[in-house]
Amino acid sequence: MNVIADFCVVPIGVGVSLSAYVAAAYQELEAAGLHPQLHANGTNVEGEYEQVFAAFKRCLERMHEMGAPRVSCTIKLGTRSDRSQTMDEKVVSVEEKLGPRS
Amino acid sequence: MNVIADFCVVPIGVGVSLSAYVAAAYQELEAAGLHPQLHANGTNVEGEYEQVFAAFKRCLERMHEMGAPRVSCTIKLGTRSDRSQTMDEKVVSVEEKLGPRS
Amino acid sequence: MNVIADFCVVPIGVGVSLSAYVAAAYQELEAAGLHPQLHANGTNVEGEYEQVFAAFKRCLERMHEMGAPRVSCTIKLGTRSDRSQTMDEKVVSVEEKLGPRS
Amino acid sequence: MNVIADFCVVPIGVGVSLSAYVAAAYQELEAAGLHPQLHANGTNVEGEYEQVFAAFKRCLERMHEMGAPRVSCTIKLGTRSDRSQTMDEKVVSVEEKLGPRS
């Protein structure tokens, strides 16, 4: 089962600057072959369910290894059985509806 | 790694009534031994990461088996390395701060 | 427009214990007349859109007033134009599908 | 209070193709001056709290006007009182931690 997912991790108890943690999670997602796409409120990935959630676990473990005693995490995901669709195809599908942009 | 998670599933392309799907997901979570707690915007569970996410996968597969061509899903989760905490302890911890309720 | 929503607030930069913050947010939601229902991963409310989101803003302001330099927040919400539905009706609708529970 | 938010809307009861709805929501967010950034799992915006949530309400109303009897919506948002930060600055802050990319 293929999934497209958004992963957002918030380490708690490590102060106010979180970018080093988000970067470390990104590196784990990249090392797992999930083609991560960083955006302003999370990181998008695509892959097989087991592969994706094994990588998310590794990200959470990494947060704790980096010193976070507590981690809050939000995941949005979509699956389809009617057809396959990539992250880029999802975006293009909306952009086509928006029409030519100046 | 123990997790406390909120699981919310929205099958797409099966009409407007979703309660039979939410009930089926609940049954999968219960069968997996995750002590599901149904609430107005999702279902809370607790357990080991692998156990929880294997059950979530089974829920998604069940949605497709029931006829949903597409599924949207939102997961919130928390992990702690400083101490163990159950779902009930999380709620009690806030209720203690709220003080006696009329 | 009536909404049923789940509100989850994570103050950042205030240490690892968040229950006093969640309790303060609950009090704001209650003061706003939103009938908050605390659960293990958030707080559910129902009400008119403007009333709900004015209360959520007050919660965020309260987190900052309590000392949080940064706040992360997750909101899930549902609206219907086909019929009205309360939080309790949503839960009962699923419980009916589950059948008699031991 | 300035917010950076991710808005994800799932119209229910309108079939399996949602891109026309996501495009319509994007247009509402753009018309509201929120500089929307479309990504594979939602649309990011930034602005004043009232401005952002008035636009989200308009998006939800638009979904119902387009025929959706029910709408599910997920919002992630962040606020800071320690300093101002744009969406682009959030991404750059992580990219700097990642170092030079091939």
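All chains are identified by letter, namely A, B, C and D, in their written order; residue positions are counted from 1 within each chain.
Here, a contact is a pair of C-beta atoms (placed from the backbone, for glycine too) under 8 Å apart; a residue touches a chain by one contact, two chains touch by 3 or more.
Model, not experiment: these values are computed from the prediction.
J.: Subunit C and subunit D share one sequence, so how far apart are they rotationally when you fit their Cα atoms? Give it in degrees, rounded to a multiple of 5.
T.: 180
J.: Are the interface residues of subunit B and subunit D largely the same numbers on each copy, more than half shared, or largely different?
T.: Same; most numbers are used by both subunit B and subunit D.
J.: If you average the Cα atoms of subunit A and of subunit B to get two centres, how far apart are those centres in Å?
T.: Centres of subunit A and subunit B (C-alpha means) sit 20 Å apart.
J.: With centres defined as the mean C-alpha position, give me the subunit B-subunit D separation in Å.
T.: 25
J.: Measuring from the mean C-alpha position of subunit A to the mean C-alpha position of subunit D, what distance in angstrom results?
T.: 16
J.: Could you tell me which residues belong to subunit D and also touch two or more other chains?
T.: 13, 16, 69-70, 72, 74, 76, 78, 82, in rising order.
J.: Could you classify the connectivity of these chains, where an edge means two chains touch, as line, ring, star, complete or other?
T.: complete
J.: Per the contact definition, I'd like the list of subunit B residues that touch subunit C in the complex.
T.: 4-6, 8, 16, 19-20, 22-24, 26-27, 37-42, 44, 46, 74, 76-78, 82, 87-88, 90-91, 93-98
J.: Report the residues of subunit D in contact with subunit C in the complex, numbered from low to high.
T.: Those in contact with subunit C are residues 1, 13, 49-50, 53, 57, 60-61, 64, 68-82.
J.: Help me check something: in the complex, which residues belonging to subunit B touch subunit D?
T.: Interface residues on subunit B, with respect to subunit D: 10, 12-13, 15-16, 18, 69-70, 72, 74.
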